[in-house]
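Okay, so here's the structure we're looking at.
Chains: A, B, C and D, in written order; residue numbering restarts at 1 for each.
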């Protein structure tokens, strides 16, 4: 699914509710929450932490999708075009940073 | 750009270097770093914090792209299909959570 | 309770278990997790997010204590003296940054 | 330095400025920022990321102090007694969680 379509699908979902988009600080808090859940999952799967027996182990990929959703909400609420931002960033690292690390 | 293409473009970029993908905890640390930069930018633009004069104000959209990049790297390193994960999550919220908030 | 005593109390607790301290990246992931839970609590108390009925609302102060615990674990594992670090930082902001914001 | 004194010292510093305490979401964003800087430092010291030559390597202990400062600001702004919160949490893990991990 293209980023544009992702932004539109999230927008359609949010626009049906009165609540609407969060304000920037609230969106950021939501993103922080989701990154925290991703951290917990990574600790479960790759770390030394003993799982609590009552805890459901959610899939890591679900947590990544939640982070992606939080980022899309923030971008939508600020009229940021993810495709454009992503292309600009990739263009930069594909060119300016080209020799920052040792090539194969 | 489709998510699949995004994952491939990031993969092509990373595969040219000896360093390769980070391990899960390192990727997570990188994501945490990028979310922190996004937080700083949101504090600059919407919060009460006085900007340091020597600090370049990077665009918020650049920071969001960096978070997207970090998430893509993590997903790639774990063979997670972002399209599939995102669809599963949207399907869930479009159905199960449908009446969680008040409709317009 | 002095910071030194806090570090010692956490150390006594951890040293009774075989698991011991986490490695730096694991400690950081744990901190990220706790900050995420704090973010969720702040969203509950001050934000627009509707509480799920099945969710226990933990006290914000508990979450802050968890963050403090995570930080103390990280500091202990790296032999960092929190008292010294905190004093150095306060000394810096009490002096160098003195005129960064408008005085009352 | 006792936690109570830490809270008072931070309070004295903040109260001299017109700006005063941040609101909860702004404090959280600030904490997220500081945790991000800590993540960067951990990546520098323990991870595979190549340091940029123009980047000053701040001490890890400084970053931990900054996180401690951010947490103290948040606690102060909400009239949370860190000593009390920390004791409650330690009491809980010293008792309820006592057999969660394997003893030495």
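Throughout what follows, a residue touches a chain if its C-beta (ideal position, glycine included) is under 8 Å from a C-beta of that chain, and two chains touch if they have at least 3 such contacts.
All of these numbers come straight from a predicted model, not from anything done at the bench.
The greater number of contacting C-beta pairs, out of the two interfaces A-C and B-C, is seen for A-C. Note: centroid distance chain B to chain C, computed from Cα atoms, is 24 Å.
In terms of their C-alpha centroids, the spacing between chain A and chain B amounts to 4 Å. Among all residues of chain C, those that touch two or more other chains are 19, 25-26, 28-29, 32, 35, 39, 42, 47, 50, 101.
In terms of which chains touch, the assembly is arranged so that all chains touch all other chains. If you check the complex, the residues on chain C that touch chain B are 25-26, 28-29, 32, 50, 100-101. Taken in their complex, chain C has these residues touching chain A: 19, 22, 26, 29-30, 32-37, 39-40, 42-43, 47-50. Contact residues of chain B toward chain A in the complex are 1-3, 6, 9-10, 13, 15-19, 23-25, 28, 31-32, 35, 38-39, 42, 45-47, 60-62, 64-69, 71, 74-75, 78, 80-90, 93-94, 101-104.
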